[in-house]
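Encoded as structure tokens, here's the structure I'll be asking about.
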Amino acid sequence: MTNLLTRIGLALALPVVLFAAWWFGTEGSDNFYVPPLREILRTFPEVWTGERIRADVLPSLIRLAAGYTVAVFAGVCLGVLVGSRRRVRAVLEPVLEFFRAIPPPVLVPVIMLFAGIGDTMKVVVIAAGCVWPILLNTVEGVRAVDGVLADTCRSYGITGPARLRHLVLRSASPQIAAGMRQALSIGIILMVISEMFAASNGLGFTIVQFQRSFAIPDMWSGILLLGLLGLALSVLFRLAESRALAWYHGQRRAQRGLR
Amino acid sequence: MPAILGLSGLAGLLLLVEVLPYTGVVSADFLPPTHRIAAALVDEVAEGAFWSALWDTLVAWAVGLAIAVAAGIAAGIVIGAVPLLRALTASTIEFLRPIPSVAMIPLAVLLYGTEIQSTLMLVVYASFWQVLIQVLYGVQDVDPVAEETARSYGLGAWARVRYVLWPTALPYVMTGVRLAAAVALVLAITAELVIGAPGLGSRIAVAQSSNAVPNMYALIAVTGLLGVGINLAARGVERLLLSWHQSVRGEVLV
Amino acid sequence: MLLDVRGLKKVYEGRQRPVEAIRDLTFGLDAGDLVCLVGPSGCGKTTLLKCMAGLLAPTEGEVRLRDKRITGPPPGMAVVFQEYGRSLFPWMSVRDNVELPLRNKGIARRQRQDLVAQALAVVGLADAHHAYPWQLSGGMQQRVAIARAVAYQPDVLLMDEPFAAVDAQTRADLEDLIRDLWRKLGVTILFVTHDIDEAVYLGQRVIILSSSPTVVREVLGVDLPERRDQLTTRSDSRFTELRAHVYAQIQAAKRESMEILATFGRAGSGKSSRSQSEAKSV
């Protein structure tokens, strides 16, 4: 019990201190760009009303979800195809590494050429940026399928779709999840950036509007919201991952324990 | 053999981009054939402005990465070596890390405009976490027996960091540096593209707004090559440093 | 003859130089046989098993099942691999691991559940249905792999040193279990081991392999009574004689291969040091 209390105390101590420091440090601040925290927090509910959330935050999130989903499907499918054939892998790996190395935001001007400046462009930008880490990690995971497990499947006649479902995808899933985690942060970046270029709504668009009209506390509240969003998505991801990969983490712990 | 296959893959990509516009699948206005992109690249390379943009990008990348690595290692070792600090900061790190770096863009614009500091701010913020997290993993990996031994021989705090903690953490530090190097390039180019700070990113933005499509593709290809180059270099340095590290450890053991 | 191995040779095309794992093996298994295969480690037992299971294409010669040449894993054959830990799906519970091949075979759900429950009960894991393989000890994992093979109801069961990681008591139980299953189900079993006692105790026949080159050194009929039990059989004077005979054969095989090595110099020196350490453990 005291143990739990100590842990909660330790976890909360620094955030409380930092919050207090921000609060009192900016209290009565006359720096135009750094308004008092009190001011930012007061603005927050005024700015992010239900209407704004529906008109700006929700479209952003829907585009993120759409692009991310497309990237996961495409990345895993292509990754399985590329990863299970040695020749194909050897041919495509340098090409894929090249595409992965291109900083994703430079895709925005390219995709604007093809898809204009509408929702499609933003979804495609997010998908095109997120797909590479998922694809390359899937390739890596598929390649590393254990030989003994593969033999086991063959000798019990587990082939084709059953093999894909029970062996390939499952054994690559830790890698796929790692790729999806990288892709999620890229996706958030692209969600914001694509809206900073050309948009009439969205979180990134709104924050830049605030900045251009020098509505500084509003802008800060937007930054805060973006931070909270990033945090929430990463927490959600980790919850989902720890459920889906419970076997993997358990196995790792078991192996560590032996050593 | 794999090298030949890989080269044939790259050749295939170039060929595909060359013929696609002729087949009518995509318009040549949107995706110019390879030879026009190559010609644009030659034009770019002949221009002084291209080289100064490349230089600006590399400076922002290198300076930002250096600051992030130094800060990440220092913070990681201090936090990692003191259990109380570690317990105190864990929640804060978990909270701050997922905050997307692009959230800082409006702030950077207000504070520094289109100066290089804007770029640096984003680069440092994004790559710092990569280093810090890896260093924390590395410090956690220190063998308690080695630590106890060092203590029992009366090694001071500095000597313990130098001879026990640092050698264990080094492989992790190198992983962190490699990841940070890639992230730093992405953020440098992003900042230039969105904010307009000088560099390859803003040159891409200019090419786009002046509808110089082949130049835009050429510049994007340059960023990709830069990224591949940085990855390869980082891997090379990692391997070099770690093999040296292994051999040094071997000597100490004998 | 149910399973026929004819002139089998396997050379691995390694990165530096080819490795000859098997030189020339010919032997057969009748329906309902329980044959043990002994040989020092590294002599190619696993390679032979994989060729027989259709997992590996032989370099020369062939394996025939019911007079048809094996080119891929035949239905009705189950394999228990030496690397038991890696042959179980870590993302599936013990029950799902045992059930998956049955599902794939298209067996109805009801019957599947019965088969799984029976097989797990037989290997003494009736209360481990919901555990994950990595939560079990090495011996328990190996028993899951055996249960999976048993539930599959194969005609032919190939086992590759299945008891290597099991403690002595469990090992004795599992040996009796294999003989029980064999007598009840009439399944044909090829049992690979490097333990001489185990080979003599289990088998109707023992095939002794020599290493480098790997050939059949002797096929020994085990004329012990059908009913075997750990105490009486193992103290039977005939058992002791047979064991001594197999031991002498293996020692002789090792000596010969060492002489060959000595005359041919360094080639395969890694292997010779391994078989020496093997000699001590035998």
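So that you can tell them apart, the chains are marked A, B and C in the order they are listed, and the count of residues begins at 1 in each.
The rule is short, and it goes like this: a residue touches a chain if its C-beta (ideal position, glycine included) is under 8 Å from a C-beta of that chain, and two chains touch if they have at least 3 such contacts.
Please read all numbers here as calculations on a predicted model, not as lab measurements.
Of all chains displayed, A has the C-alpha centre closest to the centre of the whole protein C-alpha set. Highest C-beta contact pair count among chain pairs: A-B. For this pair, chain A with chain C, the centres built from the Cα atoms lie 48 Å apart. Once the centre of each chain is set as its mean CA position, chain B and chain C turn out to be 52 Å apart. Rounded to whole angstrom, the centroid-to-centroid distance between chain A and chain B, based on C-alpha atoms, equals 18 Å.
Touching chain C in their complex are the following residues of chain A: 146, 148-149, 151-152, 154-158, 162, 166-167, 170-171, 173, 247-248, 250-251, 254-255. Interface residues of chain A facing chain B in the complex, by the touch rule stated above, are 7, 10-15, 18, 33, 87, 90-95, 97-106, 108-110, 112-114, 185, 188-189, 192-193, 196-197, 204, 207-208, 210-211, 216, 219, 222-223, 226-227, 230-231, 233-234.
Residues 50, 53-55, 72-73, 75, 77-79, 81, 83, 86-87, 89-92, 100-101, 104-105, 132, 134-135, 152 of chain C touch chain A in their complex. By the touch rule above, chain B contacts chain A in their complex via residues 1-2, 5-10, 12-13, 26, 29-30, 87-92, 95, 97-107, 109-111, 182, 185-186, 189-190, 193-194, 201, 204-205, 207-208, 213, 216-217, 220, 223-228, 230-231.
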